[in-house]
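Both complexes shown next keep chain A, but they swap its partner, so chain B is in the first and chain C is in the second.
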Partner chain A sequence: MTTPVVVATGATKRYGEVLGLNGFTAEFGPGITGLVGPNGAGKSTFFRVLAGQLHLDAGQITILGRPSSAPVRSNHEVGYCPESPTLYEWMSAEEFLRSLLRLDGFEESEARRRCTEALAQVDLLSSRDRKLAGFSRGMRQRVKIAQALAHDPTLLLLDEPLNALDPVSRAHLLDLFTRLAESGRHIILSSHVLYEVERLTDQIVMMSNGRAIAQGDLHQIRDLIDTRPLTVEVTTSDPRALGRALAGWEHVTDVSFPGPDKVVAQTRSPDTFYRALGELARTGDVPIRGVRGTDDNLEAVFRLLAE
Partner chain B sequence: MTSQARRLAVLVAMTYRGTFVGGRLWISTLLAALPPVILGAFLAYGVTGAALISGFGNVVLLLVLSVQLPLTTLILGVGLFRTEIEEDTLPFLTLRTIARPSIVVGKYLGGWAAALTFLLPSFAVSVGVTAAGAQGASFPPGDLLSALTLVLLGSVVYLAIYLLMGLVTRSAVILGLVYAFLWEFVLRLFPGHIPQITVYYYLRTVAAELTAADPLGSYSTSVGLGAALAVPLGIAVVALVLASVVVGYVETAPGRADG
Partner chain C sequence: MTISAPRYTISRLDREPRWKRVRVIVFEGLMRRLAALNIVLIVLGALIVGVEVVLFTTPAFVALMSFGGPVGLSDFAVPFESTPYLLLATLLTASAGASSIAGDVADRSITLYLSRPITTGDYLVGKGSAVGLVLAIFFLIPGFAACLFAYIVGNVTVGLAVTAIGAFVVSGLLLVLFFTTLALFLSSLTRRPIFAGAAIFGVLVSAEVLAQLVRGVTSSAQALYLSPIEDLLAVAQSLFGVTPSIGAGSAAGVVLGISVVGSVVTYLRVRQVEVVG
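Now for the complex of A and B:
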């Protein structure tokens, strides 16, 4: 029998007249659970409740068996990667991690060891002495993930951890999350791109307007989405070359150039598209700086599911 | 050193270093330069000897106590938590095993050390400039102790008040300015007991109790040195206790989340 690590029951959070969570009921874990929903669905609100930053107006959430409203005395069990890209800009990556580990009570030598290990896990060891102010958005994401896992927590809460990452970094982190889950940790990660979550787990909670609109096995949800085209925006320094490559793919139905460094493609097979794009990035023939699934089509699916 | 004390020391160091960035650094440096520059101007215009020493007292009262101290502590104090809340970096601290009250104390001590980094050199250079132009005259007994106590005690209490403001309201800077220049500045001009609801009243009383010489020593007050010391320190303690409660139990997220 598997016991969920996080259970939300009728969780409601209001921001004045606006409902951030609207009777949200869902179970997460064990293992990896994806929380998928469009922008404004309430994903970050949910994470902030889990992190103790917000309190529920109604309902309850339990984390590892404890109510989220209880003042947490020891957080060694939870690692949190917030969505915001801001860090302590005046610090180097190593100082940042080491300081946080010291705040967790680790001795200097142990903090140093864990810091090195965590930076290696997110492939940032070579940038350990660089000031965070000079880090790209993708590097910031990886530092945030490193600080979330450096103290070896049981439960990782990752709010949009794959945002702004290039395809190679995404692939690297997806592998890392898989390894962490295999080693017994539980992960809840949010995304507005269903397909990247799908690469990690079948357990999924879909969220819209503060409610869970679908939960459980991903495949049924995916079948529904695969019947609809998906629009993806790719950032590159060579849009012509990328456009040529994309136009040659059988499943791509439309390619446009909305900006000097952007290419927007519509695909009938998102899964195949993301795999092919990852391959293209790895070959290095076309420099790809970022990938973003636009929300419009996904929201259409959410609306469909909500009906 | 206990485990919590070590964590506290780490947070003090983090906070201290984080203060010396951006606009805060430049404004605080500018404010720190003002008293010595003005005393230097006095000297340049031929004000020397006892007149310059009296000028030092007036600079302490009119510039340091009324402008530099509240503004420096406002700039540094408000940001201690507000910046972290707005930029959503506070969970990096609150999700650690360091106790919540220790987070408040650590940030406060780091901020206080940073404030003193601006205030004390400014004070020392001001004293040096005055001494250089004293031409044989000397500071009256207790004058320097009085002025230094104003700086230290004032920074203790104002920083705690602004830290709390930064924690509880997004409009902390505006509220802080209103407090510094309407509440503290205007109410002290009222007759009767009304000035007693300002921190200024107690700071001025302490200054007057420590020296008899004008201008620092001349202040009409109805409380003694003990009460004048206890009230600002009490206010600082209450502000920090309230801040600890806020950090422990009140929501500390920025505005409505997007995701």
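Now for the complex of A and C:
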């Protein structure tokens, strides 16, 4: 039996007449858990409550066995990467991290060491002396992640950590999160893109309108998703040939040509579609330059589960 | 089968004491608040204090202006009767203090502060100390330096110089306490530093205007208690041996009362701050 790291029971948070959390009840186990939901589902509100920055109107949340209303005691154990691009613009990356580590209670030499380590982990060591005001969005995102993990917390709260990152940084950070989980850290990571979370974990909690609408093994939820149509956009130099091939697949329900090098297909079976498309690319009969799956089906599942 | 409730052991690392963590907020805040505009205001304030004190304690100037009599403690109180000096103090408070909390809420850096293991009290002490230090540079150092300079170049005895320094320190500390509390309080009420700055200026100026109007209508000096600036001036004048228009003890009580109530309300207010958006 695994012990939950975070337990939310009927957690409710109101912003005036708007409900940020609406009786949110879920358990987050050890390792990595993905918190998935569309924009406005309440993911950031949940993280802010965990970080002690919002107070619940009803219900309760425990973090590592402690109530969320006692954040000061548990903040040593929690690393929080907020979604908002909050940085001290006038500082360099190193100054910024060091000052936060000093706030964590580390003495100067230890703060320096941890700062170097954290910046190396997010591949920003070469930019340590640059002012944060000049950082790109992707670099800012990495600095935020560095400050969350620099004090070596037990639990990492990462609110949309992969936003604005290029594919290389994204892959780098996914590996980093996996390594952190393997070394015994617990991570709760939010995203509105299910396929992003899929690479990291099987355990997910799905949110919609401030409530948990599904929780558990990703594959079970994927089975449900796979019953919904998925729209995939494929970039190719030969749309006519690709369209012909797609139209012959039994699970493809619609094919359209929105641009001179694009084909959009709708499929009832995403897994089968991606397998078949991979096979088609390998044969070389149809040149495929890119594939972009939209998450329209995920939205549909959210709606389905929320009903 | 038995099921037991989960138990966690929070690891305890050797951390620096809280006051050292608060020091980080003070240092960071001080660096931000020693911006160009504030340095200009501090330098202008220092010039006013320096020039006025040195002039009024220089025998040649005293003789020239036919003030008559030897230099006394009251001659050091000249800056506290100077409108430009008080105007600069108000501007500096608005400039250095308005963004202390409002700025953190506006750019959401308060999110990062409060995600660290510090309390609301730690945060406020850090912010207040940073603003207070800037104001202390304005209120304390020029007075101290001017007294020293007057002793070196003028006809001022050691005893008089030391007494004057003491009066500058006590009145300066009261000014720092009041202006810092006011700045933090008004800064905690909004997420727009410019509003907080305008409020600091507006509250002080309108209280002064109101006090003078009421005094004009009622012909009673008691109306001056309505203005914190008049209260502060009364305390300062009393310390420098000048008889103020209103009772210095009561005026000090008003200023300290406002400061204590302001601090408590600011604390309660910041505890309720929620970073949304």
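Here is the rule we go by: the second predicted complex is superposed on the first by the 231 of 307 C-alpha atoms of A that agree within 3 Å, B and C clash if a C-alpha of one lies under 4 Å from a C-alpha of the other, contacts with A are read in each partner's own complex, and residues count from 1 in each chain.
The definition used in the following text is that a contact is a pair of C-beta atoms (placed from the backbone, for glycine too) under 8 Å apart; a residue touches a chain by one contact, two chains touch by 3 or more.
In this text the structure is predicted, and so the values were computed from the model without any measurement.
Trainee: Here chain A is shared; do chain B and chain C fit on it together or clash?
Mentor: They clash.
Trainee: For A:Ser237, is the partner it touches chain B (first), chain C (second), both, or none of the two (neither)?
Mentor: It touches nothing on chain B or chain C.
Trainee: Identify the partner contact of A:Pro4: answer first if only chain B is touched, second if only chain C is, both if each is, neither if none is.
Mentor: Touch partner of A:Pro4: chain C, not chain B.
Trainee: If we overlay the two complexes on their shared chain A, which of chain B and chain C does A:Glu77 touch? Say first, second, both or neither.
Mentor: Once the two structures are laid over each other on A, A:Glu77 reaches chain C alone.
Trainee: Is A:Thr253 in contact with chain B, with chain C, with both, or with neither (first, second, both, neither)?
Mentor: In the superposed model, A:Thr253 contacts neither chain B nor chain C.
Trainee: Check whether A:Gly65 is in contact with chain B, with chain C, with both or with neither, and answer first, second, both or neither.
Mentor: second
Trainee: With both complexes superposed on chain A, which partner does A:Tyr88 reach: first (chain B), second (chain C), both or neither?
Mentor: In the superposition, A:Tyr88 contacts both chain B and chain C.
Trainee: Clash-wise, after the superposition, say which stretch of chain C runs into chain B: 4-12, 94-102 or 148-156.
Mentor: 94-102
Trainee: For chain A, which residues lie in the overlap of the chain B contacts and the chain C contacts?
Mentor: Looking at chain A, the two contact sets intersect at 15, 48, 51-55, 71-76, 78, 80, 82, 84, 86-88, 90, 99-100, 102-105, 147.
Trainee: With touch defined as at the start, can you tell me which chain A residues reach chain C in the complex?
Mentor: 1, 3-4, 15, 48, 51-55, 64-66, 71-78, 80, 82, 84, 86-88, 90, 99-100, 102-107, 147, 154
Trainee: Would you mind writing out the residues of chain C in touch with chain A in their complex?
Mentor: Its residues touching chain A are 3, 6-8, 10-11, 13, 15-17, 20-21, 24-25, 28, 32, 107-109, 111-119, 274-277.
Trainee: Would you mind writing out the residues of chain A in touch with chain B in their complex?
Mentor: Contacts found on chain A: 15, 18, 20, 37, 39-45, 47-48, 51-55, 71-76, 78-80, 82-84, 86-91, 99-100, 102-105, 147, 159-160, 190, 192.
Trainee: Name, in rising order, each residue of chain B that touches chain A in their complex.
Mentor: Interface residues on the chain B side: 3, 6-7, 10-11, 13-14, 17-18, 20-21, 87-98, 100, 248-249, 251-259.
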